[in-house]
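Look at the two complexes coming up: subunit A is in both, with subunit B in one and subunit C in the other.
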Partner chain A sequence: MSEVVSEINTLRSATRSSGQIALEIKDLKTYLYTRWGVVKAVDGVSLSLRDGECLGLVGESGCGKTMFGLSLMRLLPRPAGRIVGGEVLFNGEDIVKKSEAEMREIRGRQISMVLQDPMTALDPIFSVGRQLTETITISSDLKGPALLERAVELLRMVRIPAPAERLAAFPFQMSGGMRQRVVGAIALAQEPRILIADEPTTSLDVTTQANYLRLLKSLQERLNLTLIFITHDFGIVARVCHRVGVMYAGKLVELGDVEDIFDNPRHPYTKCLIDSVPKLDKRVTRLATITGQPPTLHDLPPGCSFRPRCTEAGTHCRPDQYPDPAMVGDRHYVRCWLYQ
Partner chain B sequence: MGTEVSTAGQDTKIGQSMAETDAVLEVSNLKKYFPVTKGIILRKTVGQVQAVDDVTFTVRRGQTFALAGESGCGKTTTSRVLLRLEDATAGEVLFRGKDILNADKDLVKEYRRSVQAVFQDPYSSLEPRMRVGSIISEPLMATGALPKKEIRVRVEEVLAQVGLSPDAANRFPHEFSGGQRQRIALARSLASSPDLILLDEPVSALDVSIRAQILNLLKDLQDQLGVAYLLVAHDLATVRHMCHSIAVMYLGRLVETGSGEEVFGNPLHPYTKALLSAALPSHPRIQRAEIELPGEVPSPLNPPKGCRFHPRCPVAVMPQCAESLPELENHGGSHAVACHLARSA
Partner chain C sequence: MQRLILMRLFYGVITLVIVSMIVFILSRLTGDPAALMLPLDATEEARINMTHVLGLDKPLYEQYWIFLSSAVRGDLGKSIRFREQVGTLYMQRLPNTLKLAGAAVFFVLIVSIPLGCFTALKKDSFADYGSRGFVSVGLAMPSFWFGLVLMQVFAVWLRWVDAAGMSTPKHYILPAVTLGLGMAAGMTRILRSGMIDVLDSEFIKMLRIKGLPERKVTFRHALRNAFIPPLTILGQYTAIILGGAVVVEVIFTWPGVGRLSYEAIMSRDFPVIQAVVLINGAILLFANLLVDILYAYIDPRIRSSV
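Moving on, here comes the complex of A and B:
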């Protein structure tokens, strides 16, 4: 058992450190201009990702995870959403500066996203085959039987049983798990380098979820995909991710290698999040809780936005300034006054 | 201590001995079949969805009994029958020893007071146009036991129990967050001082940080009030955290029952083993050997012959697996398993 585990871990770090930088995000700021004010959904997020690396992005509802993913796709809600600062370097070029026409070349082919709700991601009135072939033809000249063959191949890749027969099926004729895999097949149809998966398993059963995660993991390894996995489930992070970023109120408050974050969470918020989940192998009588609610993302005061809920807050937490990232380990940083 | 779960098979009648214990609810051989009809004018029954098939278990005072299993296995249908929202096709449900499926009006009234429910979705389960105070007092009005003034006092009391301030009573559900709404639903269920609360996925619609608050609250209330819970949930870690006893369901049937320690510590049914192996790890260094189940859960309309799990079972090697339906059999203590292989082992 422990040998297998160490093998898995070596495998993980090997992929991590050897890959080329696939995506570099510098001080990204995405704001939403609403009637109630400016929502700072992503407020100065920096990180870089290598080929074949899987980053888990966790945090409570409303902290900006989806807006971060949509920013990389440049698919923000209009007219409210806008990237107001920072860079997203992909192939040496800044995605933020691309025109809409240039983005159409990148979307799907280079960077793809599985949207949060699989029901809205599929069009109910078209067959699965039609939706799949349409996506394939965006970036290839395949026609006729070759096109169908490619569609079947994709369905087979995401392990849909009897894929050739399934082409004619409509979304409602499939189970939740199958729909989820079809959405995955469509996202992978153009062989992107980067895949953003936004909560792709929340509506799935335990065994279906396990199958889907195993599939995603093996595809990622085989295609050397860079994966950004948005979730609120630390179990999923533990199962598939190499690194974890913890988001709170639009900011990345902690980032590190997955083992490191689980062994040594530093930010008070990360600690609470990990301890608040019931665990099969570690029983406690009471769960840790985070009091209060996440703040609304407009009119945030300048200091640490977790302060009103933080059990470790004190005079060290300066009210006038947000704490800068502080390195607390090998490739592990945290934004909290305790470590300044 | 009464963590024992009845393991009676089809032809065993639950007798007096069980009724004398601290059982709140004894469910025996409960069935709920939905007819599947075809045609608009001349409706013809073409089949039966065997949503709940021959389910037997006991919920005890002050304890949590969990029903776990995958989507469509019959958990909600079981609780709906127990709430008398659906008629049972067959079987018996004893509430504190009294037959509830063939009860007279008075007993039904008493049962309605004593058995409450909290559902998954805190957004749709509360009437939006009603003030929180009226929502909470509704079950009390229905039983008509208390005068108005006392009802107001009781509403404040249960609001305090779930950690909300008394002025919440004058507000509307939309003014509250998801976690607060689930507290309101819980307050409503507590108002009539029930003996049993059915909790159908009580935290799965809530945000991570709020789940812990609600789970802690549920445990505290149980300690203080001695209320029993029938918990329906698919997250095994949540079930493990909450339950005293558990039943694992597959396609309408119980495949394994026992105390939390027995079932989680020593799972014997291949389905339970697969389910546990698929549960997400709590640490990246814990990589379980996953047992992969082929195919998808078959439809409870025309369920497979023999053991319902056999087409997907990774260890179904015996000819009986495809031929005869295994009954729950005792494996020591309160642990019972419905599997031919477990029996021969």
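Moving on, here comes the complex of A and C:
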């Protein structure tokens, strides 16, 4: 396990974020109009991503990570979800304004996504091969043996043993780890530039998890993928990502390079999250937990939404306004009244 | 797969034997067939004679054995009313019922598949509310009443179609619609809820993520998955119609199996009733087997579990 970790660690430093801007998100707002009120799942998130960069997005359950990912794909739950503001610039064009037909050209070929649960992400009544070839033919004219060869190649790419025999298998005949690899192969089948991986390892056991992370990481480098890695596990972020964004109640409260954030977390929430990471070198450590519940995302008061749980809250926290992003270092910003 | 079919056939035969026993015993309980076949003023001697000719003086188990062994050979006895082999009588009527059943199932499918899919895709739209109204009405409407209303409106007032007979394709419309209405409503409801469930699932999201056209998402993946539960019901409905849609066939004077059973019951024609019950049992079992095979064809999980 720790071998895997150190290998990943070396992998991480291998690529640096110096490519072209792949995606630029400006003040993105995604609201869900539910029966119980408006859920501000993504509430003014701005960030930009370079080619070949890996951004980790962390935060507790329900803080809007998945909705952020789905917003980029424009596949929000219907009819509740809507992008109500902001821009997502991709190739100089705003994805938010694209038509459904234009989005279909982007989905899978340019931006792709791996969902949270591998067990349900495959159609149960189609063979793995059929699901793969179906994906390949969306954007290519491959036929017959060449098509099958490509499908086998994709399975080989995600390191599925005996890939040619696997084509005939159905999802229920595969383990969770295998299925997650197949989902990965499908997501990458059309060679997208950007991959959003939404907690792709939560339902896998630790060894499978480590293997999958290693695979994802190596694929990212080989294909020069821009990866948005969504997780609630800061430990994984440290091993895989270049940069990390911390989300709380729909807002990006801190964003910076992984080393900066780990060595010098600024936001009290980030500090709590880092404290709650189990340390691999010290075997027995009590996990620090954050007291209180994350807020529900509708009818939030205007001030900082972490304040009720914050250990460093005080008179400097203005209740009438959310703190603006403040630069606290090179490419490192935080939204907290402490740094205004 | 072959094992599944063999198992089902085995159980089917056992079920049919039990059904045949019940039919046999029930028909003995309803009265003395000999008395029915003789004129009212027949002598006691003639009655005994008749009983002997019919074999009714033999012990019950022996009678049953004769009944069963000749039934297996396809000899289901002679109709008391028509003085003809029951098998022949049944086979004369069966094609008519088959045609009607085909028309009704066709109607069910062309109504329920588009309606179920469309309303699932446009949940809570006007069309959805409209369709839900149709479903409630369709399920609640008794077919004898609906059939009569259709006949009154389209045959008597509008004169678009004839009320009875089966000589032209037009004649099929009213009975098929009458027969299919409840079924179409039920299928629409099940398909709609199935589609809503499936469309909400993760794999559908994944298909959209990879950029698959919505048409393929809906028809290739969602519909095929959603069609698994209604298949059972479709199979059962079809079997029931094949057994004879008694009410509809009587209303529209359709010379099918249902009308045959009606006539047989009305004239206490026991051999015919026995035969119809037995054959219907067999059809139901066969339809269920067919549904199981279809299931296995659609769903690989079932294919591999048997």
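Simple rule for what comes next: the second predicted complex is superposed on the first by the 317 of 340 C-alpha atoms of A that agree within 3 Å, B and C clash if a C-alpha of one lies under 4 Å from a C-alpha of the other, contacts with A are read in each partner's own complex, and residues count from 1 in each chain.
By our rule, contacts are C-beta pairs under 8 Å (C-beta built on N, C-alpha and C of every residue); 3 or more make two chains touch, one makes a residue touch a chain.
Please read all numbers here as calculations on a predicted model, not as lab measurements.
After superposition on subunit A, the partners subunit B and subunit C are accommodated together without colliding. By the touch criterion defined above, A:135 lies against subunit C but remains apart from subunit B after alignment on the C-alpha atoms of chain A. Annotation: apex subunit A, arms to subunit B and subunit C, angle 80° (C-alpha centres, rounded to a multiple of 10). In the superposed model, A:238 lies in contact with subunit B only, and not with subunit C. In the superposed three-chain model, the partner touching more residues of subunit A is B, compared with the other of subunit B and subunit C.
When the two complexes are overlaid on their common chain A, residue A:205 makes contact with subunit B while staying clear of subunit C. With both structures placed on the common chain, the touch criterion links A:35 to neither subunit B nor subunit C. In the superposition on chain A, contact is made by A:108 with subunit C only, not with subunit B. In the superposition on chain A, A:259 makes contact with subunit B only, while subunit C stays out of contact range.
Distance between subunit B and subunit C in the overlay is 10 Å (nearest C-alpha pair, rounded to whole angstrom).
Taken in their complex, subunit A has these residues touching subunit C: 73, 75, 104-109, 112-113, 115-117, 120-127, 134-135, 138-139, 170, 172-173, 183, 186-187, 189-190. Within the complex formed with subunit A, the residues of subunit B that make contact are 70-71, 177, 179, 207-209, 211-213, 215-216, 219, 234-238, 240-242, 264, 274-287, 290, 292-293, 295-297. Within the complex formed with subunit B, the residues of subunit A that make contact are 4-5, 8-9, 60-61, 161, 175-178, 205-211, 214, 232-239, 241, 258-259, 262, 272-273, 276-290, 293-294.
Within the complex, the subunit C residues that touch subunit A are 201-203, 205-213, 216, 221, 224-225, 298-301, 304.
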